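So that you can tell them apart, the chains are marked A, B and C in the order they are listed, and the count of residues begins at 1 in each.
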Amino acid sequence: MNPVDILDYAGVALFAATGALAASRKQLDIIGFLFLGAVTGIGGGTLRDLVLGVPVFWVQQHLYLVVCAATAVLVNFTAHLLESRYRLLLWLDAVALAAYGVFGAYKGLLVTGSATVAIAMGMLTGTFGGILRDVLAREPSVLMRQEIYVAAALTGALAYVALRALDIGLPMAAGGAFLLALCVRGGALAFGWTLPAYRSHPGRAPEDLR
Amino acid sequence: MNPVDILDYAGVALFAATGALAASRKQLDIIGFLFLGAVTGIGGGTLRDLVLGVPVFWVQQHLYLVVCAATAVLVNFTAHLLESRYRLLLWLDAVALAAYGVFGAYKGLLVTGSATVAIAMGMLTGTFGGILRDVLAREPSVLMRQEIYVAAALTGALAYVALRALDIGLPMAAGGAFLLALCVRGGALAFGWTLPAYRSHPGRAPEDLR
Amino acid sequence: MNPVDILDYAGVALFAATGALAASRKQLDIIGFLFLGAVTGIGGGTLRDLVLGVPVFWVQQHLYLVVCAATAVLVNFTAHLLESRYRLLLWLDAVALAAYGVFGAYKGLLVTGSATVAIAMGMLTGTFGGILRDVLAREPSVLMRQEIYVAAALTGALAYVALRALDIGLPMAAGGAFLLALCVRGGALAFGWTLPAYRSHPGRAPEDLR
């Protein structure tokens, strides 16, 4: 396995684990674990491949589905042992986000050759699985949390594209960008790092505008 | 029409009817009926065709759109006669789920030849229309209900793939798998069948973890 | 630039502005502005191109991404000057809806030659960006508001297809259909135009059906 394949499988398995943890938080049955695990695990990559116009990865290679299913079953049997499933969910999501953000940029660059598209692809596909999970499981949205989230995927994608432009080898560029993205999101989780928020007041409800 | 074509059109029309019933519950205008009917009717099949990399069915054959529109108009003129729209919505959704779950598996197997992919495709496309409807219409999510839902689509897809692997003919395999899936979901609706839920406590809100 | 290219870029930029305004209402950071701006700006067109089976527009021409990013940054620096961001959001959304509804019909007709598909495509892609924005930002849904919304996109798409069928030239047909759609949605916003709503009672909650 080359280093980007590791990012790929790690992203799928970890996102699948976060989907299964969300299923556990909602007290779903085993099929709910499988469903949310599969959708979260393969969601980001499916969007990426559709947009890039390449065959969807899990249709080509069904091992990905097996990985999702095995992860969901494992979580089903172990989640009750955890003290805080939501905290673990956020940390696994952080590693998956970093992995998939870099892998999205790698595949975007490979297919289109455009740095702009590669960066957008890393940002979108690193975060899409988690967004899908939160919408489907009606979890609090990672997107709306104060701490840095999308920015970590963006950092990983930017770093990968920049390192490759500087002729750094693939393993070094992918590994370095992954670690950087993980530090950014991990720091946000551990220390509550935020970017300066938009400085104004929150929006009013539509009724109050009449 | 061969038996799988019947499943296809039945799934589209019935899902369209559930979308229109959701529009009625939200007291939308006729365009809301058309929109939710169309999105729910063609949503699952659109995802299926995109992921399989084949031309989207309703772009090839616009009769599907006509079916969705006619169904939405019909529901618009008759929904007020019903005593319980939500119960009818759930039952139509059950038939559509069974039909589309089997048809998804059929098309997945036809295009990819992989049993794993066919089963995942049946599970995803049998349930996607209903999920889309519930997210867009902000209805209570079928996915989060206690009774068996995704499991019925999965059962239909599994049964179809298994029967075909046993060299059962297409009409028998499709019809049998459809009836089995319908019994599973119908039993869940009629008798409240559930799978054992994940045995632990529900998740805490993120604020309580701090 | 020919007139339909103007509709295309205008739709992308204006939808991106509404996404950034939603980010402002939610007090997100600059990356939140970029993310919601990009997703809202390119969401409808991405769905359109995927369903039509043509290469996704922003993967072919990355200027669209630059337009989204520039718009999001501009909104980030100016949104606090506005008295009512939500009202501006609704008006920009109206122009974008009209532009993208007509452009969706134009592209649908160009690729498939089917009037039915072109009309459905205009309706779906004119409204999809806004729906995505509202789901992701957890804004009140434009789809569920009483005033005319989807009907405006549908009107623009219908008018474009009808005018083209009458052999009206492309600039006139596109411009006229755009203005008509804008009047319909603008009138709805300014004067509260509605279509007769479905005349029955709202749906009951599932618990009350037991």
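Throughout what follows, contacts are C-beta pairs under 8 Å (C-beta built on N, C-alpha and C of every residue); 3 or more make two chains touch, one makes a residue touch a chain.
Computed from a predicted model, the values in this text were never measured in an experiment.
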{"item": "Fraction-based call for chain C against chain B, same above half, different below", "value": "different"}
{"item": "Rotational angle, Cα trace of chain A fitted to chain B, multiple of 5°", "value": "120"}
{"item": "Separation of mean Cα positions, chain C and chain B [Å, integer]", "value": "27"}
{"item": "Residue list for chain C, restricted to those that touch at least two other chains", "value": "50, 135"}
{"item": "Residue ranges of chain C in contact with chain B within the complex", "value": "50-53, 112, 114, 116-117, 120, 123-124, 127, 131, 135, 141, 143-144, 148, 150-151, 154, 194-206, 209"}
{"item": "Chain C to chain A touching residues, read off their complex", "value": "22-35, 38-39, 46, 50, 55-56, 58-59, 62, 65-66, 76, 79-80, 84-87, 135-140, 145"}
